[in-house]
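You will see chain A twice below: alongside chain B first, and alongside chain C after that.
And now, the complex of A and B:
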């Protein structure tokens, strides 16, 4: 009986802890969503209320009709898509080579690639700016996508390398014994097996690009290239912050990612943990 | 050996993607490289953009051999963009930048000397007092100011009348006494922007400190004393701790204070003229007065925006011509929401409304340019934190003043 009570108590404690963590995580999101439906008088009402006293779509109307946010969202999708595709192509090639080929310096090389992940973005900002500038790609979506590759490539290369290393090389050898080339072994064996991991890696790259602000704020300026996180700053000018529109734009910016994550959650979690344990 | 179907598709897709990326790069390089060599690029913030389009059309009509390309920036991104562009050497030809950041760029030799523009057409003494001097280092002037603003006291005359106060406060003692009398029910005497950009709070701190005896020297360096800092911290942090400044100050930025003022919950505060325009647009009761000082009018700190021409600009002559055009009083008046930097431009009817009289007087007689030394900029956050400690009741104003003195001395000793 005592053991049953103890077990029940610890389970209740875990649920309370989880509830607190959930509240901690979701409270700002709730404030963001409800503020986006508040008129200006409600946002600064005293005492503060979570729910709007009057619900309004005006902030969303401002976002979609009186700002560059629609175009910026399109730009974000273009940049994120380019980054995801390019990251997968480059990182699958690099990750495969690091996992399958043994050559002098392969391990130091892999470590050097990972170093890119620990260098602060502000440190690489200036060299990347000059690189993109020399390519005449400043203020273009493809130029920004190039810059974002500096963020995604190091970690994704390691993610993919671990995915491939976890697949027994004998599977590829069997395909080659059956008369296939190494390319055939990769496309018929390795790619399908690590597809969930690649989906996770692609989504990770897209996410990194989607919410990146520093590079986007420095390398883009016109509405033709400005991405959504930068467009968010339009609602704050020299003397005023339009909190309602800022929150509405934040919801618009967040919603597609939440939907994407919910749809691909299974692949994402599986892909990130795949290859973590070899056995 | 025959290539299997799936392998072919995989290689084809990968190859096509790489080729498409490469082709896009090549197209961009070719397009952007063949741009017009005689185009002056001007980085202009969002809020000036539409007016800038009209001004540029007029400029191009007057100067048919010069084309201007406008590139929009936003207030939150211009500092990073400008800094990186100047560091990289890949620069536009004219940048609209905050005056507070000009000295930092000039110290690194990144800005062109615009002294040659000042003279008969653009007399330096037509600008707000001390403004051109604050942008001049070793005889070279590195920016052309065009917008200038300072704080004045904004107050709600209906709340004053209800509290039996006939005149706005002219001294610190009156300010404190009135604020205490006005703190009643839902309303508080005043509020301070503890939340938001830390420079909003430290600007108010400096206004009190300068009014109380501190100075800002010709190099844009604040010369504080412990006594002036103590008095300033007492007026801000002490006021929150005592309750005649709103305890909500911890959650308020400038926008929040203005909104509470519009609701009649904050009776008075030092604020910019934009807030007055907004209150009038909302039909809220509003009046203005000079900032109170220890024994008379207090000192406001001037802040604003200017045009700079990067030293690395490849069109310096054309850029200077554009700046000369933008420095005309009529151009300044059009691009200004607060006050133009040139006194002659203030003659425009927009700047002569009754509510602006207090601001005009403050700017002309009781203001100094805000400090623009990068070492002060680096000290803003720790100074802000000291004021907050007093507001929270964790330090006395004297302790905070001593700490602020140490922070600033240390910053300028490095």
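And now, the complex of A and C:
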């Protein structure tokens, strides 16, 4: 179909270009994976090699038995779960209203929520920190989850709105004609139809929280609340970095979300591009 | 607003649904608490300080460097992200490739790994003495001696921009790929029947069709770059000697020093820059909103 651009290139040519693209995308990931299996002597060997001379699981042992990482991973799952659930509740109701009703002020309201996406996080950092502090929620998973809603709600409202707008309103009306309330129609028709999309949106919220570093590093300090991205930076101090353990922890942090992404890719990509791109 | 305000005709259909505004209120309250109140606080605090924070900010000896860094970093990140992203999208559109689904999934990896992890990997890859990049370039004879990627003040900003490009380019690939797939086959055939060559098709059919998408991509990349914190903080903390300090890093440093006046001043500057992009963003998305509803 789109032969035109690369028509001059032969079949081999396109594979060379693909190889370049893959090298660019994956070489650093390979560095991460292979370094995580290197013993200390290999890590600081000169000249550096990509593959370990001897393979070892020691770095993973360090991460799981001799660091705060297990607890941090648990905290990350808790925060991400809270964020995903809260985001879906807030955004499904708002997204539904924005997709199905037109009322005075609906467009400005939609824009206000949408513009939440472009507010720099550093700008809200100090006021939000003080707010969470006043609620006595500093250094708790709940306080951090609350702050993370600032990131997820604007984005996910938009994703959910587009998903609901794509479902014909006639489906709901049919249920209402059959004697159901609008609430029944939403519960039995709309929710099941957009369930995969909502799952992807929830996933998306979870991932945003799983990734987040700035709020997490400022609002959590103790092992009981610190999330994995913050814990990752603690394998290093000013003078010494345990690169083997750092890379092993990076792999542990990355692997679950890459797997999730591969499983959910179809919904994920659709939900993301649905808002902005049309044929 | 109350239920009484709904126009009479609408009441019948919406009788049991409650007022739509009630459905938005939770999300809106949240947006207010998390976004609007902090923004208002920032403006009020700067005004109440009588501009003291702003004058201190602009009297800082390195403020010119910080602003210039922010500009260079943003332009480099956006330009690089667009070039790499469009290149990737075009390669993945090729008809000669097999297993495109797999390749498409793989190119997304830099985007879905956590930013802290991306920054950490690159910090190690770019290490002067033990980094694999310097070693490879030395072996290939491209460079004569190791480049101090993250500790040479002349290089560091480009090095961190490279990381930002690596992380964000997949987003552009995704968006541009979707836009390219949306171009109907007939349009190419029609152009070919009219005798258009590859370049003419690229220029007159492909580029106009993906213009909106690339616009959204440029805006999004610019906003991400302007607000970016994690990558620079984890790799260099803004150093060496402030050579990779951009506005968000400056704000964070003021925050860590407990200098609230300065935090609010930097936040206001970031807000004003952000407002320009917000207007552009809102304009692009509003057309989208109208087309859909």
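Here, the second predicted complex is superposed on the first by the 254 of 279 C-alpha atoms of A that agree within 3 Å, B and C clash if a C-alpha of one lies under 4 Å from a C-alpha of the other, contacts with A are read in each partner's own complex, and residues count from 1 in each chain.
We take it that a contact is a pair of C-beta atoms (placed from the backbone, for glycine too) under 8 Å apart; a residue touches a chain by one contact, two chains touch by 3 or more.
Quantities reported herein were computed from a predicted structural model and do not represent experimental measurements.
Engineer: After aligning the two structures on chain A, examine chain B and chain C and state clash or fit.
Structural biologist: On the shared chain A, the partners clash.
Engineer: Using the touch definition from the top, say if A:221 reaches chain B (first), chain C (second), both or neither.
Structural biologist: After superposing on A, A:221 lies in contact with chain B but is clear of chain C.
Engineer: In the overlay, answer first, second, both or neither for which of chain B and chain C A:114 touches.
Structural biologist: Touch status of A:114: second partner only.
Engineer: If we overlay the two complexes on their shared chain A, which of chain B and chain C does A:244 touch? Say first, second, both or neither.
Structural biologist: Once the two structures are laid over each other on A, A:244 reaches no partner at all.
Engineer: For A:261, decide between first (touching chain B), second (touching chain C), both and neither.
Structural biologist: second
Engineer: Of the partners chain B and chain C, which touch A:26 in the superposed model: first, second, both, neither?
Structural biologist: It touches chain C, and chain B stays clear.
Engineer: Between chain B (first) and chain C (second), which, if any, makes contact with A:211: first, second, both or neither?
Structural biologist: A:211 contacts chain C only, not chain B.
Engineer: If you count the residues of chain A that each partner touches, which comes out higher, chain B or chain C?
Structural biologist: C
Engineer: Counting only touches as set out at the top, which of chain B and chain C does A:188 meet: first, second, both, neither?
Structural biologist: After superposing on A, A:188 lies in contact with chain B but is clear of chain C.
Engineer: With the two structures laid over each other on chain A, which partner does A:44 touch: chain B (first), chain C (second), both, or neither?
Structural biologist: both
Engineer: Looking at A:137, would you say it contacts chain B, chain C, both, or neither? Reply first, second, both or neither.
Structural biologist: In the superposition, A:137 contacts chain B only.
Engineer: So the two structures are superposed on chain A. Out of 27-35, 45-53 or 81-89, which stretch of chain B collides with chain C?
Structural biologist: Clashes with chain C appear only in stretch 81-89.
Engineer: Show which residues of chain A both chain B and chain C reach, each in its own complex.
Structural biologist: Common to the two interfaces on chain A: residues 43-44, 46, 89, 125-126, 181, 183, 214, 218, 233, 243.
Engineer: What residues on chain A touch chain B, complex-wise?
Structural biologist: Residues in contact with chain B: 40-41, 43-46, 82, 85-86, 89, 125-126, 129-130, 133, 135-140, 142-143, 180-181, 183-184, 186-188, 191, 214, 217-218, 221-223, 230, 233-234, 236-241, 243.
Engineer: Which of the residues in chain C come into contact with chain A in the complex?
Structural biologist: Going through chain C, the ones touching chain A are 1, 5-6, 14, 16-17, 19-21, 23-24, 26-28, 30-31, 33-39, 41-42, 84, 87-88, 90-97, 103, 105-110, 112-118, 120-122, 124-125, 129-132, 135, 138-139, 166, 170, 174-175, 178-185, 188, 198, 201-202, 206, 213, 216, 223, 226-227, 229-230, 233-234, 247-248, 251-252, 255, 260, 263-264, 266-267, 270-271, 274, 277-278, 281-282, 285-286, 288-289, 291-293.
Engineer: For the complex, which residues does chain A have touching chain C?
Structural biologist: It comes out as residues 1-8, 11, 14-15, 17-18, 21-22, 24-26, 28-29, 31-32, 35, 43-44, 46-48, 50, 89-91, 93-94, 96-98, 100-107, 109-128, 131, 147, 149-150, 153-154, 157, 162, 165, 181-183, 207, 210-211, 213-214, 218, 229, 232-233, 243, 246-247, 250, 253-254, 257-258, 261-262, 265, 269, 272-273, 275-279.
Engineer: Can you tell me which positions in chain B touch chain A when the two form their complex?
Structural biologist: So the residues of chain B in touch with chain A come to 1, 3-4, 6-7, 10-11, 14, 17-18, 21, 24-25, 28-29, 31-33, 43, 45-47, 71-77, 80-81, 84-85, 87-88, 90, 186, 248, 253-256, 259-260, 263, 265, 272, 274-275, 278, 337.
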